[in-house]
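Below you'll find the structure I mean.
Naming follows writing order (A, B and C), and every chain is counted from residue 1.
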Amino acid sequence: MTRAALAIGLIAASAWAVATFPRSVLVFLLFQGSLLHAYLAPIPRWLRVALLAAALLVLMPVIGAYNGYYLEVATQVGIFVALALGLNIVVGLAGLLDLGYVAFFAVGAYSWAIFGSPHANLIFGGGFPLAAGWFWAFLVVGLLVAAGAGVLLGLPVLRLRGDYLAIVTLGFGEVIRVLANNLDKPINITNGPKGITPISRPPVPFDVSYAEAFYFLVLAIVGVVILVNRRLEDSHVGRAWEAIREDELAAQAMGVPLVRSKLLAFACGASFAGVMGVVFSAKQVFINPESFTFLESIGVLAMVILGGMGSIPGAVVGATVVTVLNLQVLKGLSLWLNELKNAGVTVFGLSLADLPTQLEPAKYERMIFGMILVLMMIFRPQGIFPVRRRARELAGKS
Amino acid sequence: MTTALFEARGVTKRFGGLTALHQVDFVLDRGIASIIGPNGAGKTTLFNIFTGLYAADEGGVAFQGRPLLGLRPDQITALGVCRTFQNIRLFANMTALENVLVGMHARIGLRVWDVLARAPRFHQTEAALQARAVALLERVGLRGDPNAVARNLPYGDQRRLEIARALAAGPALLLLDEPTAGMTQGEAGELMGLLRALVADLGLALILIEHNMRVVMEVSDRVTVLDHGEKIAEGPPREVQADPRVIEAYLGTAARQRRPRAAR
Amino acid sequence: MDVPLLIGIFPQVLLDGLILGFMYALIALGYTMVYGVLEFINFAHSEIFIVGAFVGVEILLGLKGAGWLESLPWPLVLLLLLVAAMTVSGLLAVTVERVAYRPLRSAPRLIPLISAIGVSFFLQDLIRLVESVWRNAFNLVYPTLDALNHRFELTETLDVSVKSLVVIVAALAMLWVLHMLVNRTKIGTAVRAVAEDQAAASLMGIDVNRIISLTFLIGGAMGGAAGVLFGVQYGLINPYSGFIPGLKAFTAAVLGGIGNIPGAMVGGIVLGLLEAFAASYLGLLTGGAFGAEYKDIFAFSVLILILVFRPKGLLGEIVRERA
C-alpha cells in the first residue's frame, strides 16, 4: 500500500513541480525519474499500467501545453527510443555490430522529404509536394525503403566476422552521408548540404497543436515497435538470433539459416529507423545531412549499450538517459555557465568571465558518448537493465 | 536396387599440402555404425563433410538419394541429417528447453507474419513445440531442470542435451562425435542403452565417432577404421578388432609382429 | 574528353598519390601491428594520430611566439616535432591500452571494439577541451616554414615542394627502422611470437603484457609521426580531422593484408594512389557530375569490396592460428 502511495505521490509531486518551475531541468528529470520508479516499483500491474498511461497520455501533454520545450524533449526521446529498439534487434539480439545505423534513419527521412516537399519538382518537373495526407502512406514507404536498404547492405556483408562487419557498416553509413551531401548534381536528389524544406506535415484532427500531435504519434509508433520487438524475441525468430549470437556454427548445424536470419534482423532494425525517419522529417520540416552522421550512429549505440543489449526496457531507459543528457543536461550546463559568467561569479579568485569563450559544455556530446561506452564496457557490459541471458553471458566470461 | 540411406563415395579432402581424407567410401542403410581410428585419422573431418561444414575436393555424398555436396549445413539438417560436436557446443546461456527448441528451427513452418500477428496458428505451433521439447528431454533422460541454463547442467546432462537438440529436427540419420568423451564406464553404458533405444524406437540410423572401444564393440553393428585419411578396415566389430592392419595403426608395427597369427 | 589534359596532370596526381599513400602507410602501421598481436581494431588510433599533429602545432606556435622559429634550422625543428609527437602519441597509446583495453582482453571480441570506439570519441572531445582552455581555439593552422614550402620545378607541369619530399623521406626512414626493429632485433622477434601464439610465447618466457604495450607504443609513435607530417603537409587541423584518415588507413591496412607490416605499406601507397586518381580524374571524366568530393566514397567502396571479395588483402593477412 505504501509502495503504491509512494509511486503515485512521486509522479504527482514532480508533475506539480514541473508546472510550478517550468524552467528547471532538474525538476523535469525528477518527473522522468518518477516514471522510472513507477516502472520498477513492486506495485500491482494494473497500477503500474495506469500510472504510466496517465503520466504519458495525460500529464505529459498537459505539461507540454504549458511548456513546449519539455514536450519537444519528450518527443525527441521517443524518436530515439524507437531507434534504440531497432538497433537493439541488430546488436543486442542478433549480435551484429552495426556502426552505420543512422543511414536507415536518413533513408526514411529523405524519402518523405523529397516527395513531401516542393523539392521533387526539381526532379520530376511538377506535381509536388504530395498532399499532406500522403504522409501516412509514406510511413509504410519509409519502412520498406529502409528495410530494402538493410537487405541490400546485409547481403554482401553478413558473412564477415564481427569486427569487419562493424567497419563495413561504418563505411556504409559514411557513404550515405557523403551521398546526401553531394547528390545535388547531376540530378538534384538530396539538395546537398542545403537540405530540404519545407516538408509537409500530416493533417491534424481536433485543433491539436503540431507539437502535441507529433508527441502522440511518436508515442504510438514506439508502442508498436515495442510490441513487435517482444513478439519477435519470444518466438523461434528470437531464439534463432540468440543461438546465432551464442555460437553461429552450432546454430547453423542445428538448422538455423544464417544469412536469412541475419538479414531479417537487419531488415527489422532498419525498418524501425525508416519509419521514424519519415516522422522526423515531417516534424522538423527541414532536414539536411548534418542530422545523419557517425555521431548519431554512435549515440544510438551508446543508448543500447547503456540500457543493456537485447533488453527492451534497457533500450527505453538508455535512449531516455542519453537524450536527456544531451538535450537537457549538457545544454543546461551551458546556459548555467553562461549565466554565471554574465553575473561575474568568481571561483577561487578567478572570474568565470575569463573562461575561454570556446568552452561550451553543450558541444561535448562525443565525450559523453565515449565515456558511456568505455565505462559500461569495463564495469557493466550487460547494461543497466540486462536481459537475464546477457548478464549470465558476460558474467561467465570474466 | 534401392539406394542406401546414406552413401559417400570417394570422399577426398585436402588442406593445403595435407591430404586429410583420401578416397573414403562409406555406406549406411540402418543401425549403428562406428568410425574409429587414431587421432588425426580424419574422422571429424569426414563428419564435417557429411554435414556441409567442409566441401569435399573429390567424391560425392548422398542422403536418401539426394546429393549433399554444395548444400549448407542448415539445409542438410532440414533434409534429415543432424549431428553433435566433439567439444560440447551447446548454447550455453540458453536453457535446456530453449536449446532443443532451436534445434527444431528447420521444422517450424511459421511465417514472420504469424509471429508478429500472434495468429492462433502461432500459439498452437509454439505449444506443440514446447511439449515436444519436454518429451525429448525426458526421452534422453535429462535429470536436471529443463529450465536450467545449459552451462549450469552437469556434464552428463550436457551430453544428453546435445543429443536431444540433435534429435529435435526429427532426423533419419544422426551423427554423434565422441558422445561418451569424458564419461565414466557406467555413464557410457547408460548412454549406449539410450542410443540403442533411439534406434529401436525412432528407426534412426546412427554413425558414431568413438574412442571408447568397449562402447564400440558393444553397440555397433559395423565398425569402420580410418588411419591417415584412408579406410583400412570395415566390418563387424570382432573382425575389425583382430585385423592386423588395425592393430598396427593403433599400436605400431611392433605390436603387430608380436601377434603373428592372422585374423580369426 | 581533353586527353592531353588528362595525361598532363598525371605526374602531379601520381606524386600527390604517393605522398598521401605514405601518410596512410604510416598510420596503417599502427592498426596492423595491434591487429596482428591482439586481433583487435584499435579504433582510437585515429585520435592517437591527430594528437601527434596537435603536439606539432603547439610546439611550432610556441616557437613562433618566442620568436625562435625563423632562426632555427628547419630540419632541427622538424626533428623536434617528430620526436615530441612520437613520444606523446606513443605514450598515449600505451595508456589507452592499459586503461581501456587490457581489462577487456578476455571478453567477447566486440566488447573491446566498442570500448575503442568510446575512447576515440572521448579523445576527440578531450583534445577539443584542452585546446579550448589553452588556446581558446581548436581549429588550428600550422605556421608556415618558408623553407618547407619552397617548390622545385621538375618539369613544366610537375613541381614538388620541399615538404612533400620531407614527408616521403621521413616516412621511408621510419618504415625502414620499423622493418629492422621487427625483423632483426630480439624484441621484434618477441613481438612476432606474441602475434602468432600468445600462449606459446608466454611459455617461452616472454612477458606478453610488456610486448603488447610495446606494440602499442611503436604503433602509436608511428601514428604520431604521421600526424606531424599530416599537419605540415595540409596545414589545417581540428580534433575531428583524424577520423576519416584513420578509417582510410585502416582500409589500407586491410588492403595490404592485416597484421602484415609490409602489407600496410603497400596498402597505404595503393590506396593513396587510388584516391588521388579518383579525386583528380573522376570530375574530369564525368564532366563535373561526380567530382573530388566523392573521393571519400571511393576509399570506403574499396574497403567494402576488399572485405567482401578478398579479406586476406593483397599480401595476405598474418593473424593468429585459430585454436
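The criterion applied here is as follows: a residue touches a chain if its C-beta (ideal position, glycine included) is under 8 Å from a C-beta of that chain, and two chains touch if they have at least 3 such contacts.
All values reported here derive from a predicted model rather than from experimental measurement.
Taking the CA centroid of chain C as reference, the farthest chain centroid is that of B.
Closest to the middle of the protein, by Cα centroid, lies chain A.
Here the CA centre of chain B is 50 Å from the CA centre of chain C. Centroid to centroid, with C-alpha atoms defining each point, chain A and chain C lie 34 Å apart. Taking each chain's centre as the average of its CA atoms, chain A and chain B sit 46 Å apart.
Under the contact definition stated at the top, the residues of chain A that touch 2 or more other chains are 393. Interface residues of chain C, counted against chain A in their complex, comprise 40-41, 100, 103-104, 106-115, 117-126, 128-129, 132-133, 136-138, 243, 247, 250, 254, 288-290, 293-294, 296-297, 300-301, 303-304, 307-308, 311. Those residues of chain A lying in contact with chain C across their complex are 95, 97, 99, 156-157, 160, 162-164, 166-168, 170-172, 174-175, 178-179, 181-182, 185-186, 294, 298, 301, 305, 356-359, 363-367, 369-375, 377-378, 381, 393-394, 397-398. Listed in rising order, the residues of chain B touching chain A in the complex are 51, 53, 72-75, 77-78, 82-83, 85, 89-94, 98, 101-108, 110, 112, 115-116, 118, 122, 126, 129, 149, 151, 165-166, 168-169.
Those residues of chain A whose C-beta lies close enough to touch chain B in the complex are 228, 231-232, 235-237, 239-240, 242-243, 246-247, 249-258, 264, 389-390, 392-393, 396.
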